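Structures follow.
Note that subunit A is present in both complexes that follow, paired respectively with subunit B and with subunit C.
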Partner chain A sequence: MSQILTMVAQRLALGLLTLIAVSLIIFLAVELLPGDLAEAILGQAALPETVAAFRRELRLDLPPHERYIEWLGAMMQGDMGRSLANNREISELIGVRFGNTLFLAAYAAIIAVPLALFLGILAALYRNSLYDRAINVVTLSSISSPEFFVAYILIAWLANTLGWFPSISNVHEGTGLLERLYRTALPAMTMTLVVVAHMMRMTRASIINLLASPYIEMANLKGLSRMRVIVHHALPNAWAPIINVIVLNLAFLIVGVVVVEVVFVYPGLGQLLIDSVSKRDVPVVQASCLIFAVTYILLNLTADVLAILTNPRLMHPK
Partner chain B sequence: MEAALKALRKAPPTALFGMAIILFYVFLAVFAPIISPYGETEIVGEQFEDWSPDYLLGTDNLGRDMATRLIYGARNTIGIAFITTCLAFMIGVTMGFLASTLGGWVDQLTSRVVDILMAIPSLIFALLLLTIFGTSMPSLIIIIAVLDSTRVYRLSRAVSQGIVVMDYVEVSKLRGEGLWYIMKNEILPNAMAPLVAEFGLRFCFVFLFISALSFLGLGIQPPTADWGSMVRANADLITYGILTPLIPAASIALLTVGVNFVVDWFLHKTSGLRE
Partner chain C sequence: MSTNHTAPEEREILVEMRGLRIEGQSEDQWNEIVHGVDVTLRRGEVLGLIGESGAGKSTIGLASMAFARPGCRISGGTVMFDGMDLTAMPESEKRKLRGTRIAYVAQSAAASFNPAHRLIDQYSEMPVQHGVLDRATSESDAVDLFRRLKLPDPETIGFRYPHQVSGGQLQRAMTAMAMSCKPDLIIFDEPTTALDVTTQIEVLAAIRDVVEQFDTAAMYITHDLAVVAQMADRIMVLRHGNLVEEGNARAMLANPREEYTRQLLSVRSFQKATAGDATQAPLLKVEGVTASYGSGPKVLDDVSIEIGHARTVAVVGESGSGKSTLARVITGLLPLSDGSVSYKGEVLPPRLKDRERGQLRTMQMIYQMPDTALNPKQRIREIIGRPLSFYLDMTGSKREERTRELLSLIELEPDDYIDRLPGELSGGQKQRICIARALAAEPELIICDEVTSALDQLVAEEVLKLLQRLQDDLRVSYMFITHDLATVRAIADDVVVMLQGKVVESGPKDEVMTPPHHDYTELLLSSVPEMDPDWLTRVLEARQANA
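Now for the complex of A and B:
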């Protein structure tokens, strides 16, 4: 048991190190600007006094390491500074939007995960059958399509031709849960379609890998029923790869949400990020990137820790 | 040559289909100025005109010919994705081979840096860098190439680690050959098959990535014709039941499917030969 704890602790320490390194990169990337942020934003025509005042306001006159520590400390307390574009508190801008993004990602995940596992296991069990081949071609095309293609097909079909769902997902704080689910149905479906294809292929591959191992062949040769082989022999060892597949795809969903939010004009963090990139609103971009990156890293970390915890070889050491 | 033809005859229909698609796109890209009826940025009529003999696919939001923009889009989008992938491979393969040949602290350092770069989702990282460096064409190509080279690095390092320990590399070292010679003449030829397959997959990824960025208005900038931004600029038409803006999106999907088919076949073939 202690072996597991050591491994988990090691993985967590590595995760923490990665988080620090990533926050450093996001902070220091701005230092790569030729000149500095003040010059880049105000332009070359700005008066030296204006530039100096702006620098003081952004505290650019301090050395980078001091600013980094200050920035990180403030971030951890939820104070993300002010937007350059409209001078609003960034935490205010981000708060609700991040909730919306998580809602959409969770919505898609609740549909996508069971569906993908079911289809993937089926494809692995009946591999090289007509079903397997058909689903291979379908998932391949789905992976190959840009997200906005899938999104617009759904809009053209389900929103315009059939009129079942709205093509714009405008929700606000007062929107009730059912209404919210209805309005975000199309973006959720788009993400489901994209992510199911990935997840299914990964599930199929890991199950096939497993079914090829000698102990499964042994179980088959002993004459056990197919059901028993799968539930008692394959499944305990399949948990690790399956959990890995699920969590990796959740991480993928969190990031994939960006394009989908823009198509459906959904007020999420992704859309804020895109708007801020085109306005070059650096503090907002930094804060949103940090949130996305931290979520992504934490999900990957969870995948690794769960993979260690569900590994039967580690759970029952000799 | 004969062996190649023989292999081609045995190729499954999906691979042949994929090759036909790729050839067609390359043809469009190369001969864009000859095939297309109008100039790339030429305004030829009213906004959003219908399909007609004059404007095969109608006109776009500024009155430019859609068919022309579509053909030039093949040239720009595919060309930029191709250049970016080549650059990513130059960086990634060189670093990967260096890491595996030199080993020691070089390997440790590059691998840890790559680990950290890969911990950040690439779309988010690209958006951060685009904010800082602006969305000009060179910065777009360099940013995506550098981000993508981390994946290439991982693969080429892994592949070449298996080659570096071979006797013929040892012989070459004893003969006094330089590092560059060993990487180019001993490792590269033996690492070719997986790298070529990876090139196809990375190209698809980069191609989709650039299209997504252009769709978001942060990739290839107007007036350069590009499929991602064409979809975005004309998306309003879809709400009126006109599906023309889906054509550039479908073109993106079709090329990616084609490349994937060819890569699948290639992987199957090269891995089959080894076993």
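Now for the complex of A and C:
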């Protein structure tokens, strides 16, 4: 067991190191934006004195490394600063938006992950059959179409023609759960269609990869049913690659949904990020990016730990 | 080995295959690999199927379960099991027979047990899934069988995962699993081939006892006639998917009718005359070498050996004894942590990258698996020509001429082979190419790491004879790593016996191979199966008397 704890601790330390590197990149990227931030925000008509005062307020007069350390220190204490656009607490601003993004991601994941596993196992079971080919074509086409295209098709069909779901997902703090699920059904479906193919194909491929193993032949020679051979003998050994792809897609559901949020006018973190970039609201951009980075790193850490937990050699050492 | 009251030939027929034809698929084309073989097996009888790779013995064994591997199909003939026609039976019915009435024991238990489940779960799966026994009964059965098969800690060993159990124990656990539904027939497909000789003898004894106790019929598939002699009542010799000879085991061993059977019987008779000069200063001297992988335990512990000019030193031992590691240290692939390796009196740098090209040239290696040792995308011309350019700066027509010379030397016609890819060669031919590649560097010492283990016995013998002829002609020295004592008898001048990273005995072959032996050498030598059908019984009795 201590061996596993050591491995987890190592992964955690590595994750932390990655996070620091990412924070540096985020900081430098904003730093490298052309032009002077204060001038850009205040416009060309601003008086030099006003610009200088604003620079002091933004602490742009300090050297970059001092600002970086100050910013990182504040971030670590949970103080994200204030928005330049409306002077609100960023943590407050982001909190609600990030909650919305997580809600939508979880909604899509709860549909997509079991669906992908189920379809993948069936495809492995009936490989090269008509079903296998059909499901491959369908999922591949959905992954190959851009998200906004899938989104507009769904809107045209399910919202406009059939009128089952609203085409705009406007939610606010007071919206109840059922109402929320109803209003976000279309973006959740769009995202499901986008991520299912990848996970399903990986499930199918990693199971089929194992079908030539001697222990699968043994399971067949024990007279077990095809379903049992696949689910009980192949799947437990196929988890590692499947988990990796699932987690990669979960990360995508949280970090990569900007376009879908924009199409459905959903108040998520992606929307906020885009708005803030256009407003040059630098502290908000930095904080959002850092939150995305943390999410990504945490999910990958989970994948690593899960991969360890599904490996009997590591769980039950000699 | 039947001790039943009725003689086997009077008992009821259990399996009857008539005119069995099996086809294999290669590149969209079906080729016949078993050409109409008849097999009859009676209740309680043990039938040995013997032949080299490609003889179709595993395929025939699996056909008795009406199972064809992916890419194979039963294309003709009938398979009757206990009066039922399996070839006409729907798949779901066949599934019900598999495991319950016909069970299978695979060659490598380590690969055939599912790594994700405990042994007891895999044992109980067949009886529970087929509805033969409930889980609790099946588990208590398992303990009983584990005990009969002489597994250590029979009560608890089932709760371990496959990777927590040794190879020999896994093979016995797999035999127990095959027995879990008390089947009428068990197919043993080379169950001891992957094991060391000292482990093999225990597994053979365990299988023989338990098959006898339950009066189970068995098909015992192997390439080793000496092994099958211990196990079978009756033997079928197969070659290229045809029956060569069939008959009572003892009668066939005493008096083989066919030339091919005679060849298989005499396969281990080749023996060299001792060569080289033992009095000269040694070519290679390994002194007090200690080595380990990373910060792990010592894999080699104070090892010293000498290799003389034009002599063959066989290094024997079980897997894990450190023989291949010794080769890695000598070639510099693994730097030693203590001691020294000297060549013609000059100490070699421990690391490969610190050695000069001349030092590298004098020592070449040949590996166990010619399939993986040759680049599948390179033609023979390039494979053999590369060391000629690298070590000897040969180019153009000179290089071409020498490549052809080397091919003639290893008895392959240059015009036929020089443009081929490794994939177009047989296993024995590939190993010959590896030999030619080693020779191209004009070395003085060739390290052969289990070079005949992956080859069929008759092919292996040809390769050994070739190596011997090359030594006589070219005066090279060999360090011959092997676990096979028959190979040692055939080719060695000196023998080094290794156990757990230490040299337990070494010296000229005649000295090491004749009594009195070191205890371990004795165990190793007495564990090598002999053609005599009573060998196993005799050895076990002798060991029991000594214990």
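Here is the rule we go by: the second predicted complex is superposed on the first by the 289 of 318 C-alpha atoms of A that agree within 3 Å, B and C clash if a C-alpha of one lies under 4 Å from a C-alpha of the other, contacts with A are read in each partner's own complex, and residues count from 1 in each chain.
Everything that follows uses one rule, which is that a contact is a pair of C-beta atoms (placed from the backbone, for glycine too) under 8 Å apart; a residue touches a chain by one contact, two chains touch by 3 or more.
It should be emphasised that the depicted structure is a prediction, and the values quoted were computed from it without experimental measurement.
In the superposition on chain A, A:L72 makes contact with neither subunit B nor subunit C.
Look at A:L102: by the touch rule set out above, it reaches neither subunit B nor subunit C. With both structures placed on the common chain, the touch criterion links A:A85 to neither subunit B nor subunit C.
Between subunit B and subunit C, it is B that contacts the larger number of residues in subunit A. Looking at the shared chain after the overlay, A:I155 reaches subunit B, while subunit C stays out of its contact range.
By the document's definition of touching, of the two partners only subunit C reaches A:A212; subunit B does not.
Contacts of A:V30 after superposition on the shared chain: subunit B is touched, whereas subunit C is not. Of the two partner chains placed by the overlay, only subunit B lies in contact with A:I297; subunit C stays clear of it.
In the superposition on chain A, contact of A:I4 is made with neither subunit B nor subunit C. Note: no residue of subunit A belongs to the subunit B contact set and to the subunit C contact set alike, using the contact criterion stated above.
In the complex of the two chains, the subunit C residues touching subunit A come out as 62, 65, 67, 69-70, 94-100, 103-104, 106, 108, 111-117, 125-126, 129-130, 160-161, 163-164. Listing the residues of subunit A that touch subunit C in their complex gives 212-215, 217-225, 228, 233, 236-237, 312-313, 316, 318.
Across the interface of their complex, subunit B is touched by residues 18, 21-22, 25-26, 29-30, 32-33, 137, 140-141, 143-149, 152-153, 155-156, 160-161, 167, 251, 254-255, 258-259, 262-263, 273-274, 276-278, 280, 282, 285-286, 289, 292-293, 296-297, 300 of subunit A.
Partner subunit A is touched in their complex by these residues of subunit B: 14, 115-117, 119-121, 123-125, 127-134, 204, 208, 211-212, 215-218, 228, 231-232, 235, 238-239, 241, 243, 245-246, 249-250, 252-253, 256-257, 260-261.
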